[in-house]
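Encoded as structure tokens, here's the structure I'll be asking about.
First chain written, first letter: the chains are A, B, C and D, and each begins at residue 1.
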Amino acid sequence: MSLSSTIESSVITNIAFWVVSISVIVSSFAVVQIRDLFRAALFLVLAFIGIAGMFILLRAEFLAVVQILIYVGAISVLIIFAILMTRDVSDGNPPNRLKIPASIVGLIFFLVFTFVMVQVDWNIQPHPDPLPDTYQEDSVEVYTKFSYFHVCFWFFCDPKHSDSESPADREVQDDTSYVLDEKLDSDRDQSGLDKIFTDTIPSIAELLLRDFVLAFELVSILLLAAMIGALTLIREK
Amino acid sequence: MYGTGIIRGLRITLKNLLLPSRMFTLHQYPDRKVGILWLAQNADINPLKYVLANPGKSIRAIIGLETVEDRQPKHPRFRGEEFTWYEQRCTGCASCAKYCPLGIIRIVTEPSGNAMPEGEKYGIEVFDIDIGRCMFCGLCVEACPYDALHLGSGFEEGTYKREELVIDIDRLRKSRKKPSTWFRPQLEEKSYDPGIGRDVDWTEAGRHESPSSDDQAAKWAKR
Amino acid sequence: MELGFRNIHAFVSGILPDGLEWIAFSISGIFLALVVINALVGVAALYTWFERRVLGRFQSRLGPNRWGPFGLLQPLADIIKLITKEDISPNSADRIVSTLAPIALLVPAFLVFAIIPFGTNSFLGDLNVGVLFIMGVTGMNTFGIFMGGWGSRNKYAMLGAMRGVAMLVSYEVPMALALAGAVLLAGSLSLSGIVASQTLPFLIVQPLGFLVFIIAASAEMSRAPFDMIEAESELTGGYHTEFSGIKFAIFQLAEFMAPLVTAAILTVVFLGGSRGPDLIPGQVWFILKALAATFLLLWIRATWPRLRVDQIMGFAWKGLFPLALLNIFLIAAEIQFFQSGGIEPIGVSTLLIMSGINWLVTGIAIYILANVLGQPSLQPKKPVPSPLANMYAEAE
Amino acid sequence: MPIRTEPVTINLGPQHPSTHGVFRLRVTFDGEEVIDLEPVFGYLHRGTEKLAEERTYTQIVTLTDRLDYESAMSNNLGYVTALEKLGGIEVPERAMYLRVISVELQRIASHLVFTGFFLQELGTFVTMLMYCFRERERILDLFEMLCGARITVSYMRPGGLTQDAPSDFWPALNDFLEDMPGYIDELEELITRNEIVLSRTRDVGVLDPEVAIDASISGPILRASGVQWDLRKADPYEIYSEMDFEIPIGATGDCFDRYIVRLQEMRESVKIIKQCVDKIPDGTVKTDGAFFMRPPEGDAYGCVEAPRGELGFYIVSDGGISPYRCKIRSPSFINTTMLRDMIVGGKMSDLIVIFGSLAVNMGEVDR
């Protein structure tokens, strides 16, 4: 049995999944419940890292790394930095006074997300052109992920296509599947382990910089505007 | 041009890295690791021959285990830790004790000889120098009219207890007589070097000869 | 047999009966982690010896030379000393956070080594998002510094940690942008791909990227001239002021791992990794290149003073950031021009042309930037005697 | 809506690597910026002035060694100058030359220590410190030849010196004088044009000449502010009136000028020593009887240009074997008084650099 299929099917994946999910849930609870603000922020970091782990289990290592880079490396750091700068650091850890409101808001978000996840048609479908032997499982997983992406973009950017005839379908039919096919074809020559990490980056790049380039740029401009606004707000005089 | 200064700094540090003459540490106390070239040079033979002659030592030298004793050379005037004291010259006048700024010299004398003729020395019972508090200013040596007390030349008097740093009369008597030439021009004239020199006898350590008991008696008691 | 996860796994699963793949997986994983981590700790310990010897020679002294041949056993003595020391932490310290801090600082350094291709591949095979992984993981050491500073409840440590976070976050940007140039040129995010595409080392092709990366990396690992996190003359050690014993040892280990990590990344991304003439094996090439990189870092450490905190931040955003953007723009334009449409790798001759252009642009850019950033007030002024106390007048 | 940050008060010292001894600064920071500062001295108080009342005049020489332990020769000279004024003692000419040689050597050594530690505080790991100490070591070797000690020399006595220089001192001194300009050039190339040093020290801790004079600042710090004032020229003692040398001054009075003035003073000191070596006459170096002196009733103030500024001793005698009062005007103490005005408003790193540029020696501040 090849290594990649071992990883796919083995207990390891399950163990990893349970460890990661439990740690994400526990640390998310800790974020809102723990009294010590600094530790709460550290638990937030743990939760983010756990989510990155989930991405890896979903075979979306690009997303996982980006999750760490942005959420852990930048956002959490800024949160901690803000805790430090604005509170009296010499009197010990500042207490977390928002336990109950935070719990309520967290619960509401949880319910909303559960509702959305249950309601949305995630468009999971087998690859139109099934691949021979071991590659099939891989392709389905990868495919799932891309559908998720499409749905997200479609959900927020393109309200016109709200029915099941979404552009996601079409893109899966032509663009992505083409890229995937080509990639998998080239992978066929290589040895087993490399298949653990399928190359998803070109597909994401195509989606971001070709199909949804307008949305991408709009988001960039929005972020820039937010940054400048923040600078203007805190600037003295 | 702006920006070249930091590059020039890099050149200077590299120069210091590469030039052996710019080494700071030339002496490694107490022993120095030597290489095979040094050994051969010291034995004054070809390094190749040296390796053939004593292979064991050569291997040890190559892996950096061969050491030789190494001391920082000191000037003869170096004010060393232990004191050199000549009982024969000391009259027990306690000038040193009086001139010590810290008062760390303790002298107890008793009349000696049978009749104690005038000018004859006292017997010295106690001569303690607490070098744990001493700052080696040398005022005691400067004050000594009979050149009985000299600064020493050593610097290895470290102990684990403060009490052991008190040099008492027995240690002063027994210690090696290798005085520093500081404030002793008579020793400097003989170009005496305590680092390599022999022990100095009490007769040569002073500016003048101590008169014998008979001379003194003739001069003072029997006139 | 090359030491790699695949080989170990094949060996272990060959021994074990069928149906126990997950045990084979765990065993081989734990075994590999054990071997690699111990080897890395050993290498880091050896590196402390190397650093201290070389730094000693730079400073015209000898460095550790007493214990063992050429002082090679000095790291061992240090480790024994640090482990046997009492672990003291302040009364009001946050025990849990400060205990976790050294670990949080050390783990990212180990993680980076998991994907460094020492030979053709790393221990774990090839990660397709290698460069991004490096960026993400090296960014994590912020938390170690921060937890150390916060957890020890010391104001010096706190100041060091605050400086550290501000600096590390700023310098991650030019560092990532500098790596992006190499990624563009290689057409791959995986480190093996970057190595494979370096028919000409990227140091030659994109000197600007190399420069920006090495500066940003020495800031990321807080070494001179950006060592203000520790800044022993100001903060008495910064975030690890209050640490002792084994925790301090782990902090030091992480700190000495940092140049190794940087040297490894430099070697892979800019010096061609294990590529080199076939006279000596690739791994030896890798080690030689990494040693050269660490020597360069040491040389800088031995020579330059430390910048002030606002100057460091200004340098990141006003100096390195534009340079990194220029590098990306240049590389992208050149690729667009020379590689028009095709996906075949760029030939050596084209790379040489590119490097010619890049060196020229680098020189001009640095010259312009130095003269823009360089304040005219730094130029020496002619001293004029103050008329207030004219000594010569009074002496007459 | 500015983000309000809490000011943090930090005790910088008494145990801190950059305070040159035990010195405590209560600093209030707003982030990295210093908003308030209060120097606290007294951690190294050894009661030198009081001890001097219990010692004979010659024994006090050993106490002055410990004032500014980086420049013991200058302290010795300052004390014996005051004492010779008080007692009206004539000093042999050879002793005066030897005194000037040793004091100028001490000035070079002290400035080398300053340069090393100043750059250490700027953050050059310990490289410059080692280079400067390597050069200083040769001066200390020369001191060992002169008087058997390297740091606490107690070389001078009222009315002369303890003893003449040994014969092997002169060739060693000549060697050193030949090498020293090269060392200074090397230091200068390493640091003076270094942009990092420039950006760290230029326009940092500026002291205006008016303020400096009003605060009675002296020494290189005063000269760095552009005031051409040096006791060696303004009120020549020993044989400085026969010497030909320049008084280097700075342009703006910032930390860099304080460094560069000291660097140029080293060159001038080398010049002075060379002249002394050429001109030194033969003869004795001691005055008989001055070892056991008992000066007449009265008082005297003697001052010299020590490496850190004007070092003055005010001695009141009641005709006994020890002074009735011995007041020490120590340059470090008075130079420290302007610390708050120079630092407030700067960053934490500036604090360290400014304090380093003053080259304060705690032994002298607390006396």
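Heads up, the rule we're going with is that contacts are C-beta pairs under 8 Å (C-beta built on N, C-alpha and C of every residue); 3 or more make two chains touch, one makes a residue touch a chain.
Predicted model only: the values in this text are computed from it and were never measured.
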Task: Of all other chains, the one whose Cα centre sits farthest from chain C - done: B
- [ ] Count the C-beta pairs in contact for A-C and for B-C, then report the pair with the higher count.
- [x] A-C
TODO: Average the C-alpha coordinates of each chain, average all protein C-alpha coordinates together, and give the chain whose average is closest to the overall one.
DONE: C
Task: Length of the line joining the C-alpha centres of chain A and chain B, rounded to whole Å - done: 76
- [ ] Can you check how far apart chain A and chain C are, centre to centre, with Cα atoms defining each centre and the answer in Å?
- [x] 28
Open item on the list: Distance between chain B and chain C based on Cα centroids, please, to the nearest Å.
Closed with: 51
Task: Separation of mean Cα positions, chain D and chain C [Å, integer] - done: 42
Open item on the list: By the touch rule stated above, which residues of chain A touch at least two different other chains?
Closed with: 85, 89-90
Task: Residue list for chain C, restricted to those that touch at least two other chains - done: 58-61, 155, 158, 162, 302-304, 374, 378
Task: Shared interface positions of chain D, touching two or more other chains - done: 8, 31, 127, 130-131, 134, 190, 194-196, 198
Task: Residue ranges of chain C touching chain A (in the complex, touch as defined) - done: 5-6, 9-10, 13, 21-22, 24-26, 92, 94, 96-97, 124-129, 132-133, 135-137, 139-140, 142-143, 146-147, 150, 153, 155, 158, 161-162, 165-166, 168-169, 172, 189
TODO: Spell out the residues on chain D that touch chain C in their complex, using ranges where they run on.
DONE: 8, 10, 16-18, 29, 31-32, 119-127, 130-131, 134, 190, 194-200, 202-203, 209-210, 213, 225-230, 233-235, 247-252, 257, 347-352
Task: Complex interface listing, chain A residues touching chain C - done: 1, 3, 6-7, 10-12, 15, 36, 38-39, 42, 45, 61-62, 65-66, 68-69, 72-74, 76-78, 80-81, 84-85, 89-90, 92-93, 191-194, 196-201
Task: Touching residues (chain side chain D, partner chain B) in the complex - done: 55-56, 58-59, 61-63, 65, 127, 130-131, 133-134, 137, 141, 144-149, 152, 154, 162-163, 166, 186, 189-196, 198, 291
TODO: Over in the complex, which chain B residues touch chain D? Could you list them?
DONE: 2-6, 8-9, 12-13, 16, 22, 24, 74-79, 99, 101, 135-139, 142-143, 151, 180, 182-183, 185, 188
